[in-house]
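I've put the structures underneath this note.
One chain, chain A, appears in both complexes that follow, with chain B as partner in the first and chain C in the second.
== the complex of A and B ==
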């Protein structure tokens, strides 16, 4: 056949038609489909045996029970435990996403390292554990040889009371330094308020589940306050049956947070005026005679007027409140209508089991001392202290304390020197740690008084306010050691990295989950083999102590951290009470009301310890209610509306240069007897309000971490696109305020404060108080990986933290700002 | 109540919006359970892959009367004329009359995204890219072998954690049972919710809590007027929240007189 044009086309068409009759095209399409779905880079998760292991989540001080689903040695899912009394099955989104913190080399340190690049660049080289420990031990021994052990300091963000934090404090002390500094949190303020009014040192314990009226002064019940698994479960219980709803929730907050807008009633008080509101409620309750006269008359001090030693007439709490906190006056201060104040007070006093709670947001920021005292007074006048559904007063959990340290001469001399942050001095007599003061002390002096800084479970560069004051301080410190498992901003400033295990790889304890109403000791266990060359920080401390030698070595006579935990647990056994079994069928809060419980469910210490190791907990049901006669350990032996301790402390400080000077220097604006009682004073600010006419408030959300723990990337899915869009975060602003500055939805604005400026986008939200800008905490990382780095801005960069009167803690709620449209 | 065409079960969900706190644990639990891909930028919500997604609504009232409510939205598992099933040219999605669950078969999906257009609830998302796992960082180690990771070019959606049904059934068969007990099969979001806002069960089984809850006067579904018969119900005592669920003509929405509390 001749190959001409005609035949050629015939051939092509015939061929094309013919192929359609063969399976070829269908086979090819199928193959293409299969081929394009089998890229070698699409991961195929290996199969294996399913194993479930139980532990406790220690990502926050809440300590919820978790169960980790494993496939062979790989963890694939974290779920809540139903046989753990804190959280009956549910956990928070951060805990749920925990595996993304475990398996991510971009955000974890995989081995000990030392810095070679400039500070903050994150350039490190690998070293061995021996080399790293020798380096650090040598450095600390050197300080001791130079007789300046106080130049060692530690910043610790581990939960209060945990054994690990005791070990860190012990190390610093044994070396001879008083400079053990903690990251501030609401519980610090709470403990101070309790110490002043009740004289007790037990932790925050609210019997929320048994209350029928919860008045929350800004506590983010739905934002992650306390143990989120417990509090949100309580929320579910409160809303179990809409027809028979028994519990009323009232939220005092300046923004329609989830808690505020889901509460039965939202009271929008101006930020920082909560103390005035609490006292206004006290005013109405006292005036209407709705207070618990039995408690007030028999068990309190300073409620009525009294004469002090020397026959001086003193005004009591009642007189002060009646005189200065009338609903009209409080309405003026707080912006809450006086009718609302009156009805709220009557509702509160009229409820069967009301409780007023404090600690704003998640409770990871310190609060205002007088505000906490005011809230405490509200609970006291209604007789809600140590009653079911109220505030329970406990002794600290009966864990054995560690043996006394036998200090050598160098250590004893070092410990006599004053703390760099002046906490516990005559000026700040009630504070344990003032990290902002530490930063200021370093920034103030030409050479850093701190030579070596150890950082544990903390990221102060990101989480502290004042536009990077702490970062500036770090630059001056000659040697910084980070024990963080994560490549966070503070670790980037470090010279030596001694990475800890993650919470799933190590043994740790939670001593009394935040806010829980009964004593509970939880043991978190390694559910995974360490995936990298990391070590439990507590074991590193033991090794380090051995290398430093002398009294430091003798202060740590243990080989492994587990021995320390076991030794402390002996105290639980010798307390002769407590249970280690819990099956989830009968919630602890239900049984707690009776005040009694069965005897210990173990016969020997070894049996108890074995059960704690397998079940992860020890808890106690017995509680003595209403034991007001012998409950309070104040100088008067009663609940003190008028704090003798404040009076003593202020008078002691006044010996230096007179009372007026003393009050001013302690940051107090109040006068006379008011300062010894809960009172409201406007937070001082040196900023010019005509230049900065607006206020900026940071707020916390449950699906974004704002502590030292990185944010699991899954949580980015749960952020709304009015919170983060691309790399830009949003500020919430009332439409009315926005209109004043001609700002529309999504507009880019610059927020300027005396500390600095940030660029954000505006989200117009009716639930934001006019005149106040609300910025979420947790954005704006310069460390970590592409899932968090460079996303949004950090409000701490512009927060202007003054000092809380008397306590000296940072104030997060008082930043004057202005906005400039871009 | 007549549900579905076949016999067997009709799994459904009731979400109590008064209990829901908007914490997002359901979203994270779902993502972790079902190997959802995470991209560095999840803020573009049209590209972000979510099976369970949280929506935030407000009553629009002025300060301080503003209220916020959250709608967790899984796949509605529409029972009637399932919109995605009717349009799929590749038979990659179908409704199982024995369970009421709408499946998605990735290897059949040709990526035409017709189902995404058809779904009135935006419950389906498309893999514009392969799952993002930075090389050598080990992030893929948490992937669960129970659910296959998806490849680019396919549509995915909530399956009511179908593998959990398989797991529960296997366990039951091993014990020589044919029927599952209530609670034996629940989705990851149900299990994770710290407020216990989600109830899951068989709508056809009168002994299951869900079949009781859907009779509540406060129960409603999203876009009910479309007649797709979703098997996801919501509860809310708030009129303004229930009004959000559909497009009502003036006067059409019937508020429920507030019950006197306590």
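== the complex of A and C ==
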């Protein structure tokens, strides 16, 4: 029995034959086939009970209604709600991809931490909530003991008017600091323009769905402007019946964006000259007598020439516009043919329900005050103020205000000190906060005046169009606390991380979705149990206040954030109007036209609150249209083409060193009475145009976030390879301009501005205005996960931001650049 | 010249027969040494039967895991009218007492802890006297921890299966597909295919593919067989189940 080679082969042959007569090979083949269809690394949805939870999306100020599909405790899908009046069923790609911000530990913070590595390195160690809160409370109490509470500052990017924002402002104030600073956005400019011309404090409310002619000054209607779910739905309504299409959309923009490409007419005005175009349209309308004489004569101030108190003759809006904004002149400024200006003006004035809107891109960046006023004037002379399909003028939503704070001595003294950003001072009389000034103030002084900075829902290091000024300022601030749920660039600079819940885990509210034409209070409720050891920033504030004690503690008598929300909602109830039920069958915008609504659909406050908690909303249908005699709260009681408030403010400032100095110092290039009215000013720039002959303009796209919210990785798949290829992002250049610099498609170039340079690839695009380089916002992160980090470049890094005249907001649309071929 | 590839093959005279003859050991001591000696045959057959036994006996055992359920559960006890008291007019109703349809019509399958705690609500006072219940109370009810049940009949992710369509519309009893569990006192050992991860109850308990009971196997052909038998051949279309 020798086991030699031959016998071994025989053994194998026998084995091979024998195995064929067993199930092994056949079963194995089948199993392998099954195995290849069940790779263990392919994610499979969990098995369990399907649960649909309703809430609202708070990733942007749009506040669309969302429905989250869960399998047991795991969220698996986010969809738009059909029973929410803002967005009948639709949401934007970011909202859909929101789940990827929920479970991704390389995007999210999972627990409180403190910094141990150098600033910006992102090296932290875990600490407990108690330790973290003691640390922060100790720091703030320390500032109060040293009688310098104003050294506490907060940067807040939560949607305007939200209760959380109110709590943050209240905390800073109660401590004794006036330095509560908001991230600027288009809504701030709307509010300022409304305040100056209409005297009201309600937000801008465009009745888009009922308009039949929409003239958009750069608003990215298809790029996520306003509440994206609502605006894209409105776009659908305008195009519902192509055979009988009655709505015309005109887009004024220097780049063929999606909105411009799909609009009925695209007017490419040079960036920053939109105000001139709007006034040019006013010129034609006035000259042709197409304006609404009832509104203009009876209800407006400063349209015609008038004599002021001292008997001085003043030139009115009409005179100024007729004199300075003829189509020929405006054509010269804007680059739009004068025939186009004339025909556009006639079309606009000839439409039944036209509306002119402004706020560029998504509206996440601030605008130009005079431009917004000029667009508003266009609406006013055509009588579109407070009429269906136009601009509706409202009071702020009737939420209760929080009780007065009983300031202690330290707080009172601190609050008397001037703000570091000079907002609200005689120089910037109409701004509530100016983050660009704060950064400049810190960079200017040898030691940062801010000792402790709290950052909420904001990533100014990446999103501010300031050429990196804020990042530089952060390096000088001794102690930074980030409340961000996400591992963003600003949080990396922080000393203490107190992570907030994500929007799916927390209670929050959206008070009046951006641009919506009727008042709506949306309540976002947790649809998921917190996945990590995070806490609602509002609850952290309540706890922090208790630890600081004194007037700070007494300013926050609540145990939980929900109590604050409920207390505010009492105002909604006592307003005596409003609805909390909405079933989606009869859209609010349709019912709104009647101006009346059924009485409240609740009998008691408790019933109303219960319904708000389950349905997520309160809204009001009643609206008195026109009502021009009682509407305006300006000094003249009328709509002001000539703003008395600007006149007062400028004159007050001029008391220091004369009017010429005052105008210059306020950044105004206009002269005489022009500065009190909407007018066009060439954007001031200190850059040498011969060194930097081109212009760079950032733009926003719908499948890339450009705010503090990280980009869901899924959205990378929706980018074209002329936007991002590998790690390189593209700049859009007109082929004509590219040819001048011998740049071909895909060539690598360096874009250089006075602030710095970035390396990108060129995408030759006929839709880009010659002489202007267009760079998408949202790339160039140095934080987050592998899908965002190091992908492309951030145009904000090289933006050479000037200041918008009067408002003081950053001017991000006027960066002089040059290109160097690599 | 004739192409050898196309020319008809001529068999050499007695070629096959003499080849086979040659395989047999010869006694006449001729000079011809056959390729297969007796020892050769032993090796060949050892290989053959070794593989045969491996394929039929060892492999089916080795292919599957053997996992006991995290805790024991006695169906018979719960359905005993004197003890568990789970009631229902029909057998199906009794099953549905715990294995219920949710409001949206989906089937809950193995109940969650919440179902158990409808009766076993107080961890301090067990309803019976068994050691298993005590263990269950301490480990799961007190800590509000879900029981990680191993599920015998879960279809893979590519299959859409609706229980309610079969039970309510098709009027099929639970036992028809799952066997009568109401009298079992112990849960069977869970066995999963180590390669695919599928439960043995899905691919089939018998490695040769024979089945005696409906619940022995739940592959696609078994679905189709029943559909055909019940006159619902239209339900054998791909997209009925593979959506």
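One rule holds in what follows: the second predicted complex is superposed on the first by the 777 of 822 C-alpha atoms of A that agree within 3 Å, B and C clash if a C-alpha of one lies under 4 Å from a C-alpha of the other, contacts with A are read in each partner's own complex, and residues count from 1 in each chain.
FYI, contacts are C-beta pairs under 8 Å (C-beta built on N, C-alpha and C of every residue); 3 or more make two chains touch, one makes a residue touch a chain.
No experiment lies behind these values; they were computed from the predicted model shown.
Shared-chain residue A:614: touches no atom of chain B or chain C.
Contacts of A:624 after superposition on the shared chain: neither chain B nor chain C is touched.
In the superposed model, A:596 makes contact with neither chain B nor chain C. Legend: residue contacts after superposition of the two complexes on their common chain; A:12 is shown touching chain C, with no touch to chain B.
Contact comparison for chain A: of chain B and chain C, B touches the greater number of residues. When the shared chain is aligned, no partner comes close enough to touch A:574: not chain B, not chain C. When both complexes are overlaid on chain A, the residue A:49 reaches chain C alone and has no touch with chain B.
Once chain A of one complex is fitted onto chain A of the other, the partner contacts of A:34 extend to both chain B and chain C.
Residues 34, 37-38, 44-45, 47 of chain A contact both chain B in one complex and chain C in the other. Contact residues of chain A toward chain C in the complex are 1-3, 6-8, 10-19, 21-24, 27-28, 30-32, 34-35, 37-38, 44-45, 47, 49-50. Looking at the complex, you find that chain A touches chain B at residues 33-34, 36-39, 41-48, 69, 71, 74-80, 87, 89-93, 96-97, 99-100, 102-106, 222, 224, 228-229, 232-233, 235-236, 239, 242-246, 248, 256, 258, 261-262, 266-268, 531, 702-703, 712-721, 724-726, 734, 736, 765-770, 785-787.
Per the touch definition, chain C reaches chain A in the complex via residues 36, 39-52, 54-56, 59-60, 63, 102, 104, 106, 108-109, 154, 156-158, 193, 195-198, 203, 207-209.
By the touch criterion given at the top, residues 16, 18-19, 21-25, 27-29, 31-33, 35-36, 38, 40-45, 48-50, 53-54, 56, 58, 60-64, 66-70, 106-107, 110, 130-131, 133-134, 136-145, 148-154, 188, 191-197, 218, 237, 259, 261-262 of chain B touch chain A in their complex.
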